[in-house]
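Each of the next two complexes has chain A plus one more chain, namely chain B in the first and chain C in the second.
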Partner chain A sequence: MLQILIYGAVSSAIYAMLAVGFTLIFGVARILNLAHGSFYALGAYAAYVLTSLLGVPLFIAAPLAVLIVAGFGVMMERFLVRPLRSSQLAVLMITLAVSLAVEQALFITFGSEYRNVPSFVADKLSIGGVDISGQRLLALVAGVLVLLGLWLFIQRTRLGAAILAVSQDPEAAQYMGIPTNRIFSIVMAISAGTAALAGVLVSPFLTVQPTMGLLPMVKAFAIVIVGGLGSIPGSIIASLILGYSETIVAYLISSSWTELVSLVAVVITLMIRPSGLLGRRAAF
Partner chain B sequence: MDSFLRPLAAASMIVAGALASTAPASAQQAPIKIGIPTSVQLQVGRDTQNAAKLAIEEINAKGGLLGRKLEMVVADETENPEQGIAAIKKLTADDKVNVLIGGYTSGVTLAQLPHISNAKTIYIGVGAASPAITAKVKSDYDNYKYIFRAFPINAAHQARALVDFINGKLKGEMGLKKIAIVGENAKWVQDLVPILKKGATDGGTDVTLAEFFDTSTSDFSPLFAKVKNSGAQYLIVVLSHASSDIFVKQWHDAQVPIPIGGIDVKSQDADFFTRVSGKANAETVGMFAIRAPLTPKTIPFWDEFVKRFGTAPVYTGIGAYDSVYVYADAVKRANSVEPDAVIKELEKTDHVGIAGKLVFDELHDVKTGPGLQNLLFVQWQKDGARVVVWPKEAATGPMIAPPWMSN
Partner chain C sequence: MKRIAPIDIAGGILVVAFLALLPMFAASNYLTGVLTVCVIYGIWASSWDFMSGLTGRENFGHSLFIGAGAYTAGFLSSIWSANPWVSLPLGVVIAIAFSLLVGFPTLRLRGPYFALAMLSASAILQRLCLIFWEYTGGEEGIYGLDPLMKNPLHYYWFVLAILAVTVITLTLLARSHWGLLLRAIRGDEATCQAAGINVTFYKIVSLMISAGFAGLGGALYAHYQLQVSPPLFSVVVSITVIIMVYVGGIGSIYGAAVAAILLTLLTEMLRGFGEYRLWIYTLTLMLILFFLPNGLIAPLWRRLTERLR
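Up next, the complex of A and B:
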């Protein structure tokens, strides 16, 4: 059962990295970003291009890839989302359009072949008799550190306080002299960056492929619905629930049932508690 | 979300295909059109097109067929039944092709069958392995006589070959008595696994675990842990649409102490070894052909293909090349492109192909057996070398253990 504990933790950490950014940008800027999966895919592709095509060492390529995608997120927010922000539906459509455009651009540039990103850690570790590749453990550790860092940033810094203020009431925050637009840019950078980091960390043990952003996007959405849109602690709890239930289902029933877990979780949540575990208000 | 984009990709490929094939239309008569429904985004799809193009160019260079040029039209059937049906409708209704050569996903081909039958167009499958595809030829000959499969040998035949590998190589030569079987949750695998399980059990091998996984599975650790716990000494894999890359990488990275082998379609790709940074080392893959003197045509075709397209052909390429010739020969013998006449001649096919002799059985399905089409077990070894390890008479070297198990 130690296996379930460890593998479940890895899945949960990756899900949490994806879901926190997704819920953050919604909580602060009310942007339901359907292009969130694209950040994940772009992160993986950036790592692939830098390492495999340009020969950049992996430990430089990884942060570089995250920065590039964070920049892409900021550009997207500034030039595509911001002009449309008065209409939530228009924002939804433009982010969907971005995700389709990104996927198609990846198809045209790289074709549909699977691409490979080298492992950060080649070793295999054994924890209490459970074999786990170093790369997975790295994803777990990085995920925990990123979430911890994010929490400290929001709770302990002035900028974090500003982000909290904007998420509670953007207009009041603006009257207090908080530059809301700049806060939106920063939050978008964080959101895109964490998704990209997840993409970079998993690509060595998964694979890099143009449609790779779709499933994580669906998962992130499911987690955020379960956890409550806009709630960071809620999405972390939901990540743990989903990560572990998928692992448990894979062990006790069959791997062919795991993809159903998130859908069932969404249906149950919407039936019992539509605002999610820790949702402060109804989503829309 | 894919479905939004696929028509675009399909349209661009069709334009490209049409441009490529309109060049020398010197014959006075209209060309004979060969429709290629395939997954154009995948290697199997590209090789289907490239190999068909190669055969068409060779035939055209020798004066064409019945004094007419051959022409190729491509449609993207993706891996999705709806797109597959659209591709067939486009090729038969709009392009009015004389024959269809292609296919990859059994579920797609099965969905296409009624539409092929309605269009009364001959279809030669080169990619899908489900026995259900040609089963209708017998039960409803008048409607389904148009359906042929030239490649690969069907899932039931593949299962028998795999059973021979399990009982002959694993149990007979290596003394392994416990195996696990894992496969993707797809039609052809569901057809194949029960035969495999029964065959292995009858041969005295203990099947400790048989499990399916979703084709979109991205984390195989639970599966590997289960296989390990089951006490299996060898892991038979059966997958085509799921990601072989992820499967093999995770097997290698976790140093799963069990060798793997079986039918793994994406591992047949020539670039697979480099694509996974050499992590496929010691994986054994069932292949329908390899660059070896299987027939006098194998090596010349292989080398020409590599020279023209820069990569070794995957199985659909071999099937497509043979199918163009098989169709052309049948048309020549029938002296007509009328489907009924051509079908009568196709049924008499006895063609020396790339991988062996190509003969159809009464279900219009390609026959297997010595000298015919077979499944070879080929192991990826150091630096991406490919070594045939089974059947014994075709073996080119010994089977090796994964590096972390060899000491």
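Up next, the complex of A and C:
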């Protein structure tokens, strides 16, 4: 029981880190970023290159990897997405093209074999009789801290207020003197950064390989649909629901069936309440 | 119904005749095989174009229908050793069933739900194929399907005939009142609704038609390869089809089919590049998005034949 509680929390935290970035960039810039999974994969590979190949110490490598991927995201938004923003369709296509290009680039450079990234914390901890690796616990703690930080940033700072304003009405925000394009870049950096951080944190205990981004991204879609497109609290709640129900299914039935959970959740949501738990109006 | 210009009919007949005669000049099984794959891609691309090109609802998981048709053929022919001709109609039926499963909850809605759901569904189905490997053969897939015809050349002609029927049917549908409604939905869904058109019904039925032809193509592909494997469900297949439609000119159907044939031939020539092939594909897509948003084949054909209309 406690095992479900802890492991469910870990996967929820990872899902939440992915889903929040995805929903944020959609809520603010109306960009449906199909390359979100590649940020996750790039984060993991950046951690691998920095630690295993270049021998950078872990606690420098992790933030560095996040920064690199955030930079990549900003570049993508600036040079590929922004010129095509007038058409929602073209944005979908270009981000999908980017995600495939990244996957192929990783495949060509690193091959399809699994890569290992050393653990950040080697110790195993025991909570109430449940053994859990320090790395998973770190992912949980980091996830909670990042989400909390993000919430405070959006609710309490001037920049956060600007982001909120743009998400409500980009045109009016522009009239008030908010540089919308710069806000888009910042939000893209945050979005790519959180996805990359999730990738870095899971890299020691999940397999690092070129196609690793696709399935987590599909999960992020599911979470965002269940939680409501563009709503951050919604996607956090949905992450908890999905993370826990997957863990429960894995324990009670078999881990093979976990993949179906997100599909069923999406279908039920779209049938009963298409706008998601906390629909579009409550963007934050 | 809008009249189809004689020059278009003449051009179509010429292209089909040329494709049919092509293997006669260079009698090699290799060329026939490549052309068969080209033509099957043509079926996939034109079926994608019918739904997504006309209504503007981007389907990012066409491989779901392709794979459904192919795996139906695989199960029927290899595991239950049914007559191979049964797989074609059943492949169509199963693909249509999948289209209802995804289309019914998502096409009622506006917004990106349909695109996301299609992409997710195909990715998850690919994963399920690997997880339930006892039944689906996992990574290796299902082997030992029976061929529909012994002679590869005859099979090529058969597939080519199906492509011709597909393109003609879809073009006639697209030019009918029905197609006009679909294009109207693309233009302004709210206005269509206000005019009393049941937009959801039209979108779902056009997805069913699109899925049916894709499933047929999938079953044909399975009976050509004589095996099916999980990569049929992959996003790569879907995106390849979408790139073909974009190159052909979205919404034109014939353009998609011609682009599919040309691009598959081109890919075959690029085989030497090995793993760089998909890179070249995605770069093509990016260039087209930026510089040729209307595509290449259909606009080119229209310009060339402008005076003959």
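As a working rule, the second predicted complex is superposed on the first by the 280 of 284 C-alpha atoms of A that agree within 3 Å, B and C clash if a C-alpha of one lies under 4 Å from a C-alpha of the other, contacts with A are read in each partner's own complex, and residues count from 1 in each chain.
As a working rule, a contact is a pair of C-beta atoms (placed from the backbone, for glycine too) under 8 Å apart; a residue touches a chain by one contact, two chains touch by 3 or more.
Predicted model only: the values in this text are computed from it and were never measured.
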Checklist entry - After the chain A overlay, clash or fit between chain B and chain C? => result clash
Checklist entry - Of the two partner chains, chain B (first) and chain C (second), which one does A:L215 touch, if any: first, second, both, or neither? => result both
Checklist entry - Is A:E259 contacted by the first partner chain B, the second partner chain C, both or neither? => result both
Checklist entry - Who does A:V267 touch here: chain B (first), chain C (second), both, or neither? => result second
Item to check | Partner chain(s) touched by A:Y251 [first = chain B, second = chain C, both, neither] | outcome: first
Next on the checklist: Just to be sure I read the superposition right, which of the two partners does A:L64 touch: chain B = first, chain C = second, or both, or neither?
Outcome noted: neither
Next on the checklist: For A:L277 in the superposed arrangement: first (chain B), second (chain C), both or neither?
Outcome noted: neither
Next on the checklist: On the A-aligned overlay, A:D131 touches which partner chain: chain B = first, chain C = second, or both, or neither?
Outcome noted: first
Checklist entry - First (chain B), second (chain C), both or neither: which does A:F107 touch? => result both
Item to check | Overlapping segment of chain B (options 77-85, 167-175, 203-211 or 383-391) - the one that collides with chain C in the superposed model | outcome: 77-85
Item to check | Those residues of chain A which chain B touches in one complex and chain C touches in the other | outcome: 100, 104, 107, 214-215, 256, 259
Item to check | Footprint of chain A on chain B - complex, ascending | outcome: 1-2, 4-5, 8-9, 41-43, 185, 211-214, 216-223, 225-226, 243, 245-246, 249-250, 253-256, 266, 275-277, 404
Checklist outcome for this item: In the complex, chain C touches chain A at residues 56, 58, 60, 105-106, 108-109, 111-113, 115-117, 119-121, 123-124, 127-128, 131-132, 235-236, 239, 242, 246, 275-276, 278-279, 282-283, 285-286, 289-290, 293
Next on the checklist: Quick check on the complex: what are the chain A residues that touch chain B?
Outcome noted: 3, 7, 11, 99-100, 103-104, 107, 111-116, 118-119, 122, 124, 130-136, 204-207, 209, 211, 214-215, 247, 250-251, 254-259
Next on the checklist: With touch defined as at the start, can you tell me which chain A residues reach chain C in the complex?
Outcome noted: 32, 34, 80, 83-84, 87-90, 92-94, 96-97, 100-101, 104-105, 107-108, 214-215, 218, 221-222, 225, 229, 256, 259-260, 262-263, 266-267, 270-271, 274
